[in-house]
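Structure provided below as structure tokens; questions to follow.
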Amino acid sequence: MISLTNLILVFLIGSIVSYLLTKANKILGSIFNFLLISYALYVVWNIKVGHEEVLFRILRDVERTLKVTNLGKYFAIVSLIVISFVAFFIIEWIRKKDIKPAAFNSFLLLMVSGILGVFFSNDLLTLYIFWEIAVLGSFLIVPMGKKESKRAAIIYVVTSAIGSYMYLFATFSIYQRYGILSFEQVSQYLANDSSNLFKWFVILFIASAGIAKSGIFPLHTWLRITHGNAPDAFSAVLSGQLVKMGSYVLAIALSVFPTTQLFSSFYHGVPLLNYVLIWLGNISILIGTFMAIRQNDMKQLIAFSSIANGGYILVGLGIMNSIGYAGGLFHVFNHAIAAAMIFLSFAAVVYRTGTTKIDEMGGLIWRMPWTFVTYLVGIISLAGIPPTSGFISKWMIFSSLVSKGMFITLAITFIGSVGSFLYVFRPLAGVFLGQLKRKHSDVKEVPIIMLVPMLLFVILTILIGVYPKPVLDSIVSIENEVGIKAIEHSGTIIKTPLGQWNTLTVFTMFSVGFIIAAILYMIFPKGKKVDLTDQYTGGEYLYNYDLYHYATGFYRFIERLYDKHPSFEKLYEKLVSFFRYIGYFTYKLVYKTSPSGYVFWITIVILILFWVRW
Amino acid sequence: MGEVKLFFGPNHPGMHGNFSVHMYVEGDTVERARPLPGFLHRGFEKLMERRLWYQNLALIPRICVPEPDINEVCYAMAIEKIAKIDVPERAQWIRMIILELARIASHMMSFPGIGGPLGLYTSSFWGVADRDRILDIFESLTGARIYHMFIVPGGVRKDLTPKIQDLIVKTLDYIEGRLPDYEDLIFKNRIVHTRLKGIALLDRETALELGVTGVGLRATGVPYDIRKVDPYLFYDKVDFEIPTATDGDAYSRVYLKYLEIYQSIKIIRQCLEKMPEGKVNVPLSEGSALRYKVPKGQAYVHIESTRGEYGYFMVSDGGEKPYRVAVRGASYPQTFIGVEKYLPGTRIEDVPIWLSTMDVCAPEVDR
Amino acid sequence: MTNSMNNTIERLKSIIRNLKVEEIDEREVKIEIKPEMVLNALSLLKGSGYSHLSIITAVDWIEENKFELVYILFSWNDGGKFIVSTKIDRKKAKFVTVKHLWPIARYYERELHEFFGISFEGNDDMRPLFLENWDDLPPLRKDFDPMEYSKKKFPDREYHKDVIHEAKVIRGDLNG
Amino acid sequence: MTVLRVIAVLLTGFFVGLTLEGIARKIMARVQRRYGPPWYQNFIDVFKALSKRGISHGWIFDFGILMALGGVIATLAFVPLGDLVAFPGLDNIFIIVYLFAVGALGMAMGMVGSGNPNASIGVARALTQMLGYEVPYLVAIAGVLYYYKTSSVSGLMMAQQDTWTLFKMPIGGIVAFISLLGMLGKKPFDTPIAPAEIASGPMVELSAKYMGLLMLMHTFSIFVEISLFVDIFLGISNYLTFLLKFTVVWIIATLISAVLPRFRIEQVVKFYWKVPLSLAFVQVLFVLLGWVF
Amino acid sequence: MSTNERSIWEKIADQLRSKSLWMLHYCTGCGAIELPPSMTSRFDMERFGMGPMATPRQADILFITGYLSAKTLRRVIYTYEQMPEPKYVIGFGSCTLNGGIYYDSYATINRLDYYIPVDLYIAGCMPRPEALLEAFNELMRMIRKGEANGWKRYKENYEWYKQNQLRSLGEVFIHDEFHE
């Protein structure tokens, strides 16, 4: 078995190999990528928990660079499943991609090496270094989407930098105060620290990296812009995996430095700090849900949904009781899979139609049925409807919120949950159902290579929905590791203080119901199949059925209620233009092109030098 | 991009009658709208030129279904104007009673009928059932429920017997007693207020410019009623008021119809009181009425129908048949310019309310 | 004739020579004028209170070979009606539009075009409105025979058995 | 035994649901001063619709209907009818509420799959309305769950030994009832199917067999929704008293809907989030403070 | 005729169909004015299980209320073809029977069963609501006995009907500037 250090090195070198291979042949390079990532998945799957390695030492004796924890392994497996499936998808997808395929493949591997490091690093500094590698890789991929996506990449990296510098600041403060950096030691020192203010500062600043990455309010604006512009298949990685890196940091900030033990209870056993974070999650859920409802660009819509689901994860993790924490972790899995599925199906749609605007499409189910199935199962999971796995995590989060008596948060999560029906239905109705546009009448289903990973996701989602034991087992081990009471489950039955439910029974009953309905359907006379253009039109004739597809302003009536909403994006735009104005002003002042300006500044500098007698 | 074409009619449940509005909708707001009339076009004006003066009596009520008597009165009055026939006084009073009863019948259908677009079916059910009582009066008077063919040039066909007068009085008492129930059901309901107020606005200048008449005009605050401005029959001899409202929205139009029922009841009661005894018709000519010829001439007669100015322009060349009859449908302006210019901007929810309170009435537009 | 109508007619006479005025009753006056003066007369009438356009219609005087165009104006102030009439040539049935004075005139003129074949300068919207697929003379012209058209297009019920099934008939207009 | 119980629940749903719908039509008719159809009219309607030869717009149209009916049948099996509980211990309120969404999603998918914009508008409205009523409903219910510390519906029913929850938490009960009207699609909350506006909305393309299956689904949904309310708020009941309470709730809902017009769709959301949601928060505040009678 | 043979299931289904007739809410002519009275409180059609339906997809009866202009006939044919089988047509008023008072009109048709199969006519102008109910009862009896099978005739003689439609209407599916 290869060591983790070597694995990361293989990826770093592999990225160069991949670049050269892809230059030679696009498909060959992608296959290489897929194989390498699958190998990594194989390695990580079999790796033992507790395994430690030293990769390098920057500060002597304060870092124990790599260690396999249950938490890290769980996140790594989820991430690598998503990335390996997407890598398989890319084999075919990359054929149509004309902007820098070689660089794309090579940066993907670079990013994976960063990701591996992040999930297995055992101290704050190593985590930071790998974090930046991952960000670098993804940052370089984002501008390869649309032509105007350079700006998106900059917004992405700036937001990420805000988070990671705050994180770095906290790291150095810890090093200055305690002289150690590894997680266990830090949590011990923090537990003994008397200064509440310092603890608040450390955890909030560390969490802020996660907040920026997983798109929690107030650093959520990058998600829409980046997702809207990133390469289509990469959006699946971005939302399915990179955002989960943020959740990982949040999980570390909240559970590895156990907030419930560090702070006193504020409300039913939830510390104030967690409460503040939960409220950030709440606001994210509201923003994500309501903004997703009004999007017309399907990728931006799901980007906003990622914000809302990031909020869910934060709420679940923030409660820090056994059910809530498990719900948060389970939601990481669910959302990673569901978002990847949805973005892959979108990538397939864009692959064939070339647009992401919902109202420019319609009726694609008649041309791309399997893509539709992927999207359908994806949204059922995303909206948290049984029998898919998405419901399990939502149910856990609801249960823990009820038992904690956090009703406002509960109401907001309900809004997020019901709101998700609304926004996921919009692409369903606009893109896949309805009237087929004439210009798309000869669109075909995507090739089999792209379908395979999509359908594997479908199977995985339903399988885990019916039999959630594998995920629950690893959650139990994580909870044991971080010292939270583990949830009770027995394969298909999950127990909470509020009651239990059996995934298998629900699935069986659903099948029975479906069979009853199907029998009723069978025994009565068969329907006459008519064309999609044989429609009720109030008795009038219509020939251009492009006009008979309702997609623009799908929820106009509810959007109207918050047309004049405050927008953080606009606020940040204003800040940007303010800084730009300042910069322009300074530029005018400093780099004035006239000679007199230079003379003026030189005089000033000389005067200052004289004045300070330097 | 993104426009959806929705159809209101002809078999759309939100459409009254056989008429079609093609709407281009974006989101839930109508962006453009086009009226498509002609589904009920029968060529009345041509058919009337092909029939004898007296034969036409059977044809004309069928121009307007909800309130056929206005056609008969218009037609009779136009002939009387050209031929300068003096109609017995009693006949004129009876005509007024018939007209006002027809007005009540039409209003009883149209103002609770707002329940259709609103989903308040109880009110429409009640309204139609109460309207049936007035149809019963017509039935006992003329023998027909809908198309009476009762008013003929030179008077009316039959006298109003005391028994029927009694029936009218009783029915009016009943309807007057029922009206407060409607007020409770419709006009005191806050949901109705939120649905109707501020919807389908038409201001005074627009209404006057378009030539909108009737309730649509009076809801904008001007008391213009042909019964007052250009009195026909004996409307200058009875005492009644013209209810007006100032908002010009759907609610005020519906409410005005409700108030007009009270005025009609008042008029009928006065008519029954003031009606003198005497003949109810004069013979038009010696010999067969079918061979009757109207002297050469032209006339325009208009009366106030439930939807506004309803007029007949009649040309006679002295022959056996009318030379030309042109009908002015009361809802012509709303139906065309209104739908085209003022329907856009309305939301889909409010389109049926718009169409029903603006009194878009297909048969009289198509003819 | 009411006073205001008298005044209006005086003013009309000042701009239009040889005005033919015919009083139909005390609040209804018919004036006949030359086609070229119609627009002036109508705007003057509109300016003096007769602003409500009741109807625009036409009469087909086939023997004179003329179309008579009729504009009926009504005043809400005194209840007076003016029937403004003018005769145009039947062969070259063409007139000017009044849609700038009354918006609804657009549709009246469209209707006249459909039913009489009169076209109006300045009103381009002359597409068929009421009839679909019309393939004959404009129907309201006197030389069009609807009976013949109906016989040609819409077969009558022939009272011998040639149809596939004779449906059951219930007499509905008698009681019961 | 489980199989028998499930069958009993489904049959009850079928017979009682259709009968009560017929009775509701009768009551509606009486309010409108007419005689009304016989009580068994809905049975005839359903089977007539099923017997006709329908029109299908492709596989998603068929699949949507099946998913809708299947989902609702599955949901119904988990609902306790008084002491008749098909799956004891598994009748979790969240499962019922969310399993119910399968039916809704299936219906929405099938209807939009027909390709008619009227159906799309209707579905968009239905989902928006769901956003309106679900939130106050679930918050009110969450107060009950928090108070009784269980989320099993039969557990909630059995916990009402001293008095009904309706009397313990009257505000929550009222909120749940108002939300129930929205779930049932009774006026003033029948905006999604407004016939005069969008030609009966989602049902616009449904014919014959599909209509029949949808009517069955509708009946079962009504049964699920009212049963939840009866179980949670109206005290312990056995099978018969359960049906009695069920009938009373249904008749009250029908009477209310007979004299109200429908809201505009955003008025629905505004109304639900203004009045019932704030009332629900008042109720949970009372529960947190222990002010429960 | 062979169209009258029914299986036992069809017989049961016909019993049900006769008791639950949904009619399309389509006012083709002036006869529509007598529909509200017969639907509402006074005559109350719903006691026979009849009710108005919003779209042709759900309707069993197409109720032609009065005269049909050629323009409306196009829509009626389109609507009729959209209805699911079995479907029944009632012609209401003399105008559908033989043109009625509009026998010489250039815009209205003279005989409905020339274009679509009619199961039952109600003569008169205007037929009373009682006549309407009588007609519905008669139609129910015909359905029960399996006599109301106009929809089968339409399928069997489709060519004949189409030919008649084309003769009178020129084209059924009009494609002009209103209908893009």
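Per-chain residue numbering starts at 1, and chain names A, B, C, D and E are given in the order in which the chains are listed.
Just so it is clear, contacts are C-beta pairs under 8 Å (C-beta built on N, C-alpha and C of every residue); 3 or more make two chains touch, one makes a residue touch a chain.
All values derive from a computational prediction rather than experimental measurement.
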| item | value |
| --- | --- |
| Shortest chain-hopping distance from chain A out to chain C | 2 |
| Steps in the shortest chain-to-chain touch route ending at chain E and beginning at chain C | 1 |
| Top chain pair, ranked by how many C-beta pairs fall in contact | A-D |
| Far-end chain from chain A, centres as C-alpha averages | C |
| Chain ID, smallest distance between chain and overall C-alpha centroids | D |
| Mean-CA-position distance for chain D and chain B (Å) | 44 |
| Rounded Å distance, chain B centre to chain C centre (Cα mean) | 21 |
| Gap in Å, rounded to a whole number, between the CA centres of chain E and chain B | 29 |
| Distance between chain centroids, defined by C-alpha means - chain C, chain D (Å) | 58 |
| Residues within chain C bordering two or more other chains | 131-132, 139, 144, 146-147 |
| Interface hub residues of chain E, defined as touching at least two other chains | 26, 40-42, 54-57, 71, 74-75, 79, 82, 84, 104-108, 125-126, 128, 174, 180 |
| For chain D, residues contacting two or more additional chains | 32-34, 51-55, 117-118, 121, 195, 199-200, 204-205, 207-208, 264-265 |
| Pairs of chains found to touch, sorted by chain label | A-B, A-D, A-E, B-C, B-D, B-E, C-E, D-E |
| Sites on chain A touched by chain D in the complex | 363, 365-366, 372, 376, 380, 383-386, 391, 394-395, 398-399, 401-403, 405, 407-408, 410-411, 414-415, 418-419, 421-422, 425, 428-429, 433-435, 496-502, 505-506, 509-518, 520-521, 524-530, 532-536, 538, 545, 548-551, 554-555, 557-558, 560-561 |
| Residues of chain B touching chain C in the complex | 36-38, 41, 43, 45-47, 49-50, 81, 208-211, 213, 222, 224, 226, 229-231, 297-300, 302, 309, 311, 313, 315, 323-324, 326, 328, 332-333, 336-337, 341, 366 |
| Chain A - residues contacting chain B, complex | 359-360, 537-540, 542, 544, 547-553, 556-557, 559 |
| Chain E to chain A touching residues, read off their complex | 26, 55-57, 74-75, 78-79, 82, 84, 173-175, 179-180 |
| Contact footprint of chain E on chain C as seen in their complex | 127, 131-133, 135-136, 139, 144, 146-147, 149-150, 153-157, 163-165, 167-176 |
